[in-house]
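Next come the structures, one after another.
First subunit A sits with subunit B, and in the next complex the same chain sits with subunit C.
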Partner chain A sequence: MNHPAPLLDVRDLSVTIQTPMGPLSAVRGIDLTLQAGETLCIVGESGSGKSMTSLALMGLLPPRARARAGHIRFGADALDPDAPGQIERLRGDRIAMIFQEPMTALNPTLTLGEQLVEGLLHHDPSRTRAAATARAVELLSACGVADPERRLTQYPHQLSGGLRQRVMIAMALMTKPDLLIADEPTTALDRTISLQILALLKDLQKRFDLGLILVTHDFDVVREVADHICVVYAGEIVETGTRDQVLNNPAHPYTRALLSCVPTSHASADGRLGFLPGVVPSLIGPDEGCQFRDRCALAHAGCAREAPWQEAGTGHRIRCTLAVDDIATLYRAPVPPAAKAYQPDQNPAQPALEVRGVIQRYTLRKGLFGKKGQLTALRGIDLSVNKGEVLGLVGESGSGKSTLARAMLGIERPAEGAVLINGQPISSVQRTRRARLVQPVLQDPYSSLNPRRTVEDTIRLPLDIHGIGTVEERRREVRRMMDLCGLPTRTAGSFPSQMSGGQRQRVAIASALVLRPEILICDEPTSALDVSVQAQILNLLKDLRAEFNLTLVMISHDLGVIRAMSDRVAVMYFGRIVEVGTGRDLFEHPQHPYTELLLGGVAKVGGQGAKVTGTSPNPLAPPQGCSFSGRCPRAVDRCQADDPLLAGTARHAVACHVPA
Partner chain B sequence: MGAYIIRKLGEALAVCVAVSVIAFVLVQSTGDLAVAMGGLDASAEETARLREVYGLDQSLFQQYLGWAWRVLQGDLGTSYFSQEDVLTLIMESLPVTAVLAVSSLTLGLLISIPAGVLCAIKPGSRFDRVCLALSVLGQAMPSYWVGLLLILLFGVTLQVLPISGTQSAASFVMPAMTLAWFVFPVFLRLSRAGMIDVLSSDYIRTARAKGLPRRTVLVKHALRNAILPVVSVATVQFGFLLGGSIVVESVFSLNGIGLLAWSAIQRADYPVVQAVVLVVAIIFVLLNVVADLLNAALDPRLMSEQ
Partner chain C sequence: MSVRTTNLPLDQRGPRFLRLPFAGKFGFRLGIVMLTGFVLVAVFAPYIAPHDPYSQSLLARLKPPVWAGGTWEHPLGTDGFGRDYLSRLIYGTRISLIVGLGAAALAMLIGTTLGVIAGVFGGAANRIVSFIISIRLALPSLLLALAILQIAGSGVMVVVVVLAVTHWDRFAVVLRTACRQVAGQDYVTRARAMGASEARIVRTEILPNVLSHIVIIFTFEMAQCILAAAALSFLGLGIQAPEPSWGLMMSEGRAFLVINPWLITIAGFAIMLLVLAVNLVGDGLRDLVVPKERS
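Here is the complex of A and B:
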């Protein structure tokens, strides 16, 4: 094939960060090539150096980090990453960047109009402000921002997250860059919004012949947009190739193991996810050997020397000490023995957890004499979970998932309705008794553990509070829980700051289970974790469920996680359950258009046109009819006037006038 | 913006009414005012007569209403001690304190904000460490001592500045320096911490990613966000300087409102004490309104929250 000169050609890029413990090699000899109009995905877990790579290309490294490179060629320019001024000249002009957090990436005190035009006016002083503003309006509408003129005078806080990310993209394109670097551009967004943003990026790429480098940990995103993929591990590229090659025929043991951890559309509550033990090693003073060898199932003595590059196909290369064919014959997907089979009681006399007509309202008030507003977070929830069942609760931010979790935990009393545990209203259960019935596992293990308590103290605390057992019995019980949750005994005296995110979440789970509750409410238990660690935690929860005959409520915005865990799934939208059914029924035959939207890919979203670009209605002024009608491709007149109620069988029920 | 201002002024008015009640009750609850005025030698009849003359025999509520009504008409009463109109006394001393407060606050801000910004650009640098050391000194040294040291240096040894009184602008230099030294640590730390915080924020990275020059990033994008807390605290500090510069006023013999309050308290001159408390409190409340409005002008999020 006759390749034109690449848009970007990077050889041997390294980034070193000075730390008090010594220099940390965040990026070690990375090569990248990108053609105009192509998308390159750099994918890896946290600590793999993927963000440092993109920041080095932009010359935006933190003060203590230094970049070195064999060469960086951008079009006809040769750049020295260490020479001041060279990258700066191109930055924001021909190379632009968008970031992960649209909520914080825009300056809160400047109007969007000012933030849009300032970069262009700086790089092209000959342009008038009026001309720059005209371009901003043009780009905003190209990015799907309705009413762009009005947006110019608005401030970031007046826009939703998805809209802010659209503005960010428009801002990056103001100077007609040739290369756009996107660092986790959809990670902070809800799934439907993130699909819209990815579709937009693909569309803009085609229109402006844009080279796109997309940095992400999310294989769903990679699958949607990548042309080429670089898998990075511990600061090095371990595998590179086209999307098909890497995702469908992964060659490197790391890529294979990592992909087995990703919950796919084949995942179900009965099976287990793949297994990739351990964590990314420290990059302070690494040796030249393969950094993956401590976690690799195929590691051998030769892995201590530098791994050579090998061809696995045309343009498909891996870095491994084993030959490609040997890996293929030796490698076994590291799936541990299946979870203990558990058959939940299908027709019990009484559900373990029942939510009856729960409505929750909050009163908002501003200032001393401000107007009162009433926000209805839950608008009538009916739900029951049988003993031993895993109920998945999926929905976007603001749908009321966490409010429902608080009601189910008995932390907040609902305005109307009741939550019953084994038929008894939770509000009438004594606080200490309640703690032995239902326990939470929260999202962020970094902030939900007391930093001044050791692992042993944290797990033992509930036993102390409830005065269970003697000191020796408590100690034994703590050790048993640690063992069950996969925490090595030597970590008993560790503090949370000395542990990884996955280990912390194990501690949180152990301390939730030490009282032997019947019900565990997991609110986004893995969304702060890497995919390999997520798989470990989800597998652990599956085991513990069988071990303790647990009833689980699994709350997540991640459909993959829900799919991999749940016997039954409830889809929440705007304070209501819009569809509930067994996992298979719901995922294979979704009936509510919102569920379809959640399950659909980019192509589907793009094909359905402008209608799906909307967001949830204003919770302070809920619409009269169906709350989804404003976004619904199937909406009929009746939907605007008449709010549909959940109807159907116990296996599958939906709240829609026009179900599929 | 209009609605926001009206709402803030409404809140301020409510606070002022509450403050006036507190000012009134505070003074009343110090004991029997008639006894305090008459002194230990006064006979029962004299005390009773005092009570009648000053309306102290009425119910507290009536007394408050009467006092509040007179205050609204601009009548703050008459000093028990000098029989002068209290409003006149306050109008004589307030400008002295105001000039002192404005000049010391301006001086303090002009030094501490740029210094804080420079510290934040390179935390841990020599300049940063010197500034932090100075701010510790500023917090540790009592202002009367700083005032005395300045008097020794500029008044006695060098003899370039007057050591007391309010005859000329030069008289205000040393008191203003003393108070600026007092406010410097707070503002330095606030602007330094604010700036460090803002400089590591995502939107600064966005601004840098646009390729904007360093100065633009620092001033336009960072400083405006970083000084938000400084604005809030500066207005409160201004209130403190108006009401609490008693020590410095007495060191430099400035006839400010602090000195007026101090001597009135010593003489049990309750109308004056009450009036000073009320006036300073109302100024405080108004300053808070100003702070809210300034913050709203700098930070658009405050005006349209929900």
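Here is the complex of A and C:
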């Protein structure tokens, strides 16, 4: 390599964890090189060993995990092979780390000032407290925390998630580190907040000439910040190169397949996502050769023996038995079984699902004699979904998406307004009849199945509740649904704890469809899943939509998912729908500034993301006028006084005084 | 060449390692064996007991146990009325078990009902139940028990009711939290959307998933109730003479503490063994159930 001495140079890093089943090789000989001021993204699915790599670099591995390395060079220091504990000395001083969960990474019993200052004094006792406090104030304001002096006296629970992550970053920078390791730093945050944090990281990197290692599963994040990318699979790097090389010209079959699974803003509702069958293999026991061979369309006998490195371009290397050109000619994006075309009813006489002026309030009260507070979760929702249509509902956490889902399911009665199914108010429909009209698919595949029931029992439950069919008929119907949802028959007797997240979600879908509902409400059905599994589930939903003539409401915070699935999209903000339109209109010509902000990060490849500031208002004390006016770059005086209503055509409507 | 970069000096096996062989496996087995023994003794009391536990013989008063100079006619000696101590001890097992099981079962019924209502329905139901629990916790149990026994008289059933009324709170507090957690799970929402009735949801979705909590608290409260029943008997309330209640036997033995200390010691030892057995079983069940729930 013709670079100057790198900031970090790691050769042959391995992590082994002792398990009852034998040693598990979580990381298998990874090489990393990082220059000062550069960003390296380690990207991979869950179980790929990406977090273990970052923890090993920080010397923070869990007990029973052991790291070994050929060498680790950090700046001018070559870490002595015979002296353990060297990384521990650098940790927090020259290497700092930011964690995923800003809610738990700060100590709730200490003020922010104490946490920021103590850390620095611990590493450098020669500093005075006043100097340390001054540095804390300086860094907090560099991290975009307003009024830093006051923040120093506050406790973590007084801060929002995004603000906590800013404080975490400031804390990491207190000792002037050269290297910052961030493990999924924005995964727990909302889209607009996540964009702010990424912009901040890039800004700080430039200012302090930081090396940044960012561990993530999110290709949007990678696209936003990476200089170099390492794609890891089953504890090994399979492809490495610059951002443009890896994202625009992926060479390895795994990277190609994975990228084809990522729903992007280029996808459209009629297309299908890529297909990457199978799961990451077990990492217990030694295994030579390419780890990806079981899932690879191009695998041959030689793949079991070795996986040699080869150049795919300058600095762009992959690990594969096939030559780069051969992969390019042989590789076909794996296409899932034939896509079923489906055309929704364009001009129906009556919408399948209609939401009319729905308002939902919750009374909050502490204890029997406590003070009451009122939280308005939905502030007047009007929405209609035509038969056979897929309506995408997008919004940040706290925007009321899930509340609206419960109202549409008829399991929660709105305070005002009504939800109509086929023109009939859902509140007047009998419980069991309602269940045959509308069913949910919920977010968390780990909590949507009763742990005490087998797969077969779970899918059969609705038939039992409704008393449909004989025992034999029910059994046949369950098998049929399992088949349709891609569940092997042998899993019928399995308990949820024995299944993967994707399989659990298939069970949940099968059990929702066994009653043959007309409408399926999917509340973040894939947000807990890996991108390859997400593609499988989204494709499955598309197939089932055609098979069962379904009307779908697709709720997600992920614009890629929404774009890939929806005919029409509604954007929610703070309990209102601020913009609704056909997928194409809304994604290509967003009119509401909030929609623009959401899209800003997705549409732009690199460059400066849209400038987003602030957070949602407090739902216990809603602001006057337009609820977005506090964050809006286009706000005029009228916005503070006058709350805009949804106006426009059936194709595209927006609630804004100053639409684009 | 290779570097050992990391290995935290934390030993996670510490507490578990210490706990497992005793409480986990051996203790659980021992508890089951002991408890089974007590149950068998209680069921077959008429066949095992060498004498009628009520028949008095003033000629054979205060005979010492066999190891303290007594005869095999009365292996554990006789009490102040000349009643065979071993027979009374055997019949006393029945009373202790009935009171313990009955009171714990009734407490479970009260506490679980309240806890499930509060946890599943939340809101106003939760606030009212919380208030009831607060009231219950504010009342001194022993004084309440004494007051009720004074008014309602005595007898096994009254004691069972009194103990249940003063021991249901733990069921309610734990189950309220457990049910609230389960009720928030998506599978409960899904069952609701499937058109299942609330009763069905409680029966098939919620109760099976909080059963482990109920079982564990049950054993704990059973031990507590056995002790409390003995204490009430010792104080002269609750079960009345001539019933062979262990607590009452200790109370009666108090008068002869100097002449024959075994009268008070053996009954006390029996109470200790039974409570220990129940607690060992409870601890074993907890170790058995809790890790499985977490995985």
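In this text, the second predicted complex is superposed on the first by the 636 of 660 C-alpha atoms of A that agree within 3 Å, B and C clash if a C-alpha of one lies under 4 Å from a C-alpha of the other, contacts with A are read in each partner's own complex, and residues count from 1 in each chain.
As a working rule, a residue touches a chain if its C-beta (ideal position, glycine included) is under 8 Å from a C-beta of that chain, and two chains touch if they have at least 3 such contacts.
This is a predicted model, so every value here is computed, not measured.
**Q** Using the touch definition from the top, say if A:S428 reaches subunit B (first), subunit C (second), both or neither.
**A** neither
**Q** Which one hits more subunit A residues, subunit B or subunit C?
**A** C
**Q** With both complexes superposed on chain A, which partner does A:T489 reach: first (subunit B), second (subunit C), both or neither?
**A** neither
**Q** Considering only the touch criterion stated at the top, classify A:I465 as touching first (subunit B), second (subunit C), both, or neither.
**A** Second partner only, subunit C.
**Q** Identify the partner contact of A:L60: answer first if only subunit B is touched, second if only subunit C is, both if each is, neither if none is.
**A** Both partners, subunit B and subunit C.
**Q** Quick one: classify A:G119 as touching subunit B (first), subunit C (second), both or neither.
**A** A:G119: touches subunit B, not subunit C.
**Q** Identify the partner contact of A:P108: answer first if only subunit B is touched, second if only subunit C is, both if each is, neither if none is.
**A** first
**Q** What is the shared patch of subunit A, the residues that subunit B and subunit C both contact?
**A** 60, 88, 367-368
**Q** Show which residues of subunit C lie in contact with subunit A when the two form their complex.
**A** Those residues of subunit C that touch subunit A are 1-8, 10-12, 127-128, 130-131, 185-187, 189-197, 200, 205, 208-209, 295.
**Q** Could you please specify the touching residues of subunit B with respect to subunit A in the complex?
**A** Subunit B residues touching subunit A: 7-8, 10-11, 14, 201-203, 205-213, 216, 220-221, 224-225, 298-301, 304-306.
**Q** Please output the residues of subunit A touching subunit B within their complex, sorted ascending.
**A** 58, 60, 88-93, 96-97, 99, 101, 104-110, 118-119, 122-123, 155, 157-158, 168, 171-172, 364, 366-370, 373, 620
**Q** Which positions of subunit A touch subunit C when the two form their complex?
**A** 56, 59-72, 79-82, 84, 86-88, 365, 367-368, 406, 409-411, 431-436, 438-440, 442-444, 447-452, 461-462, 465-466, 497, 508, 511-512, 515
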